[in-house]
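Two complexes, one shared chain (chain A), two partners (chain B, chain C).
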Partner chain A sequence: MSLQEDDFPAAEKILADLDNVFRTDPELEDFFIIPVSGNQNKSPVVHADHSLGLESWCVQHLYCYVYGKLINHKTRKKREDPKVVARLLRGALLINPETAAFWNMMKQLIESERVGPEEDLRFSAVVLGFKPKCSEVFTHRKWVLRKMVAQADVQPMAVLKYLQAELRITQLAASKYPSNYNAWNHRKWVLEALAPKGGAEQKELLKQELKLSHCWTSNHVSDYSGLQYRQYVMQTVFSTFRHEDFLCRTEWLLELPSKVEAKCCSSCAAASVLEQELQMLSELIVRYEGHESLWYHRRFVLHSLQKVCVSAVCAKLGASLFNSVVGSERAFASSVCRESKLAHENGHASRHLNWIENVLRITAA
Partner chain B sequence: MVKPWWIPSLGRKKDHGFSAMKQNYIQLTRVFLDEEAMINKKLPKELILRIFSYLDVVSLCRCAQVSKLWNELALDGMNWQRIDLFDFQTDVEGIVVENIARRCGGFLKTLSLRGCQSVVDSSLRTFAQQCNNIEELNLNDCKKVTDSTCQSLSKHCPKLQRLNINSCSAISDQSLKDLADGCHQLTHINISWCDHITESGVEALARGCRKIKVFIAKGCPNITDRAVMTLAHLCPNMEVINLHSCSSLTDDAVQQLAENCLNIRYLCLSGCPNLTDTSLMTLAQHCQALSTLEVAGCSQFTDAGFQALARSCHLMEKMDLEECSLITDATIIHLAMNCARLEKLSLSHCELITDEGIRHLSTSQCAAENLTVLELDNCPFITDASLDHLISCYNLQRIELYDCQLITRAGIRRLRNHLPNIKVHAYFAPVTPPPASGATRQRYCRCCVIL
Partner chain C sequence: MALKKDVDLNSVIAKPLTLKVHSDYIAAYGENKEDYEYCMTEYLRMSGIYWGLTAMALMGELDRMNKGEVLQFVRSCQDPVSGGISSSPGHDPHLLYTLSALQILSIYDEKLSDQEQDKVVNYIKSLQQPSGSFIGDKWGEEDTRFSFCAVACLSLIGRLNDIDVEKATEFVVSCMNFDGGFGSRPGSESHAGLIYCCVGYFSVVGRLDLVDADTLGWWLCERQLPSALSLLGESTLQVVDPTYCMPKSVINKLRLAPQRLNVS
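And now, the complex of A and B:
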């Protein structure tokens, strides 16, 4: 179809309406394309309750118009003013955020200070509301955040604010799309790039993340990416926390009995945490049958426990403790095998048994 | 017998082999290397220069790469009197401006650096020093330009007549004071969106540049009544005044403007919400030459003011009455009766307008010949009946009907049947034409596979 400008004169008006909504509502969160059958002589832009809607009749025409103009600008056939380009880009990216070329044009505008980085972050958060698993959006946010943090006069309070905003947004994105790898990966990047390095604040943050991922796992048992994130957090905790950081038990929210006294030393504390993790997993596996993700997380926990026991200096940890853990594992897996009614849950349990025999024991020896 | 050389030899077998080709090649190169080559022989340098004077920047640069002769002629200062670098925008940096300045020297009369955001003061200083005859300079959107540039212009460019420093947000009153000192020939000045400019700058400018005819100052909220009054007193020849969004202005300023500048033909007071009918009445009293009036957002204006205006300003051609929400059909009736030259009328958001007003408009003197643009968007009482009235406006080119909920597709179709060239702007989606049957393969852009 032809991409001529005068085919759709309402395009400019619709783009102006969209821009207006962004300008007047700084707390805008969501964007939807509203499926409508007919169209009346009314603006297709709907704004209610911090949500932006665009009626579906205009989407195709609007996108063709915007695409044509942007490509002409990019290939220098017909240059536009930067403000116009920014408006066109926002329209194009709302409808089709997977176009890397347009995000790059937006980056150019931010570089030349035609568009403010904060304004752009607000915009891409709305786009995420529409397509929560779009990797281009996350990459673009990374670029903008890196740029903002690298500025010479950046305040630590501001960085903290960005951090909190990113954590909130990634959680929202993860809740809108099952097993949202891009969102969890971005969260991991945020922890590495924006978190305060070392000191009490980092430890506070890690404790908070651990608690959050525990709640998340209980509510989203099959979120593989969420579990992977929890694994990352646990690994970071074990590598950075010292003995005294583990002392206060309420942090872990797991008031479960464990074979090892956490107060002894940091390795013991780590082992204690892992044991409690196993118990939590057992509970979840029994309650929600048939989720492979929980079994795989069990494998991670066992591996970590093995590593801790092998490399620990403390007398209480050692082969005997580990063997007793493995014994109870076998018992649990066999019981699930016997009692579960689902065929594939049996499969999971028996594969777990196999894994213990063939993989774990071998690496232990 | 020796055969004379001019008689061609007959019957000799031509050797079409390699040596013949080589001979042709030698002959060709001789023609091109020779100064006697065809185009240079037939066209004297003056004519080539004249032809080059019509070319744009890109073509001139390409011609300059053809040969030494063309290089000299294409880069001759006479072809570079008017330069517009908008299409190059961010590629234009300081060094480009300086090279142009050196190359063109005193020949350069018009230069547009609109949108060239990388241009800085030092390059413009070089430029001002080299190009003393500059008459028109456009620095729209050159955000890095500061007062130092205007100081350079004031020192070196006394012939400057038109200056556009729209959106150069670093400019302050000092620039205007310097311009007032050095550039007395200034007739056109555009200082829109330079929000540091206050009344003292404008007053200084008015005192130094008495010949100002065009004064454009959109979005300068610090321009007060006093500034406008001084400007009006000192520059009575003003014809074009744009004070869009100078929101602190009141009726007093407009009164002084009307009383002193009798030649005003274009006046924009959009976004000045403190103005009342008094302004319109003083304009009616003094400025009969008014042909364009933009008062969008002046929501206190009523029918009474426009009645007075219409009765005296018969030359009115373009009016923008967007958001003057108190006006009713009465205003339209007065405009229809008195302003025969009306071409462009905007009544956006004038919520009290009905079909009756449009009916009067369509039977007025301006309708058949002159009316080309009519904006009725967000007027909720307009129905298809208005469109039926407008079929008699043969020159109507564009009509805006956004958010007029009572308009239907059928009404628009009827209008289009009578006025085939009209552009109707409404929120109705365009009907995609059926695919062309036969030869042309349908082409889809990759992005259209959405939803």
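And now, the complex of A and C:
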């Protein structure tokens, strides 16, 4: 393989132009490759509305150039100045963010304080604008964030700022790529690693996330990764909230009618939340026919409700309450079977009945 | 309206499997070192070679590949300091490529020297965490994929007892979900690729009894699309992807009971 790095004389100018955009626009959000067939004798770097574009004609030449230089630097054939390396890395990672070795070189530059961690987080956020599902970007961000919050003198306010920024970025990535496993997974990690633990702040954050995920669900009825995030938040709420936490400031709840009295105890509160979730799902299933995700989420809710009912010490819960919920569940699925004109929605409903019987192991009376 | 996720199997699709075309393609692929394509895929070269060789071995055409060149390439990717193996010279060692490298050696019935092998074992040991999980490389990303890579590597070279298998198993079990599936970390969504890794993990350590085969079988069967060719990676919406195809013989081997679900 020939890596004739000096084959492309425009490369350094392009890299300098890219760097200039990163330096002068701290609010840069997005990166695109713009399809342009031939070199039009002007800079291929386009910057407008906090978006960065690179004309496609230069991409292959530029990548081969930076790749050759970086590998030569890494294998000590020809060392470059750290500032130059950072610039080459940004060029390489914009085009091919899957290359873990280049993110690792960036980590080394952060460790040796040649690149600031905040500056790097801004850069990798732009890369996510281009490749919103790229796991190497999320992996790298985790490393940077772990390093930042592990510093001895880190301020709680600063951690809160990183947390909010990360929540914003994962939501952006999730909206750009449906069922974005990596984005939602990253968001869970953010809640575990950056959120304040145990206090009122954590509870407020969980309430905020429940509210947000409800909103997301209503607008993305076939995004199961988003729904699974909601499941994760619900489970965290059930394991951390005390009874009074369910009762004060309830705007994060769905506030639908429920058979179970939430005021009774924490198990009843959890059961009530789950019961309301089933109602919310019924509405969505009727309104937006044919989405398997909604049925899948239903299974999680039923499974959780079964656990809460069977293991609860409260006399108001128990197997009989769960059986009555399953009764309504059967009636709902049967009505969808009867009324839906979509064959695959019919299939979802009948599979649901089948699942209740064979996996939940509740047989019809 | 639901999105179209499946493929149409119409009469245009060739019925016989064109093995000759497949093997010609793979044989030529190894030779094609055109600059841009080559640079763009260097980060997974070792796995690419493993996939190519596996396909050639299955087609009985392994001798068309340059064994000497491949083996020399594998050896050139071991990092002398950490003992881990990278995707390509100049890239960083990682469990993913360490496994691909050992798999390539197994295909050729070759071994690392005792000294090289000890280094690989030490590398893998160094990546096990107090929770039992494995990180993929020294930078700290934890994922059930890497638990699979670790035990698969060690089992191939007969060194499984060098790590804390019990603790490692505890971690993988903690990633099991209510639907019987597994995700990358505790609480992560079930995903066919990661389920492959976790079920593979239990198979390698001889603990398939820990898999809830009935519930997982249910999940798996429901990923199958009407064309009957393919499985979906995640629960919904993703389009049909041959990566997730699983032959019935494999499903049976894992005791996932596909015959249980005859739903509509």
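Following the convention adopted for this analysis, the second predicted complex is superposed on the first by the 353 of 365 C-alpha atoms of A that agree within 3 Å, B and C clash if a C-alpha of one lies under 4 Å from a C-alpha of the other, contacts with A are read in each partner's own complex, and residues count from 1 in each chain.
Criterion: contacts are C-beta pairs under 8 Å (C-beta built on N, C-alpha and C of every residue); 3 or more make two chains touch, one makes a residue touch a chain.
For clarity, every value in this text was computed on a predicted model and none was experimentally measured.
For A:Pro44, using the defined touch cut-off, is the partner it touches chain B, chain C, both, or neither? Pick first, second, both or neither.
first
Contacts for A:Tyr63 in the overlay, against chain B (first) and chain C (second): which applies, first, second, both or neither?
After superposing on A, A:Tyr63 lies in contact with both chain B and chain C.
Of the partners chain B and chain C, which touch A:Asn20 in the superposed model: first, second, both, neither?
A:Asn20 sits against neither chain B nor chain C.
Between chain B and chain C, whom does A:Ala10 touch in the aligned arrangement: first, second, both, or neither?
Touch partner of A:Ala10: chain B, not chain C.
Of chain B and chain C, which one contacts the greater number of residues in chain A?
C
Applying the touch criterion given at the start, work out whether A:Ala101 contacts chain B, chain C, both or neither, answering first, second, both or neither.
Only chain C; A:Ala101 stays clear of chain B.
Quick check for you: in the superposed arrangement, does A:Ser225 touch first (chain B), second (chain C), both or neither?
After superposition on chain A, A:Ser225 lies in contact with chain C alone.
Which chain A residues lie in the overlap of the chain B contact set and the chain C contact set?
1, 3, 60, 63-64, 67, 96, 99
Show which residues of chain A lie in contact with chain B when the two form their complex.
Chain A residues touching chain B: 1, 3, 6-10, 13, 33, 39-44, 56-61, 63-64, 67, 76, 79, 81-82, 95-96, 99, 112.
Can you check the complex and tell me which residues of chain C touch chain A?
Its residues touching chain A are 1-3, 33, 35-36, 38-40, 42-44, 86, 89-92, 94, 137, 139-141, 178-179, 183-185, 187-189, 191, 214-215, 218, 222, 234-238, 260, 263-264.
Give every residue of chain B touching chain A within the complex, in rising order.
On the chain B side, the touching residues are 86-87, 89-90, 115, 117, 141, 401-405, 407-408, 423, 425-430, 432, 443-445, 447-448, 450-451.
What residues of chain A sit close enough to touch chain C in their complex?
Checking each residue of chain A against chain C gives 1-3, 60, 63-64, 67-68, 71, 74-75, 96, 98-101, 104, 107, 139, 142-143, 146, 178-179, 181, 184-185, 188-189, 222-225, 228, 232, 235, 290-293, 296, 299-300, 303-304, 342, 344, 346-347, 350-351, 354-355, 358-359.
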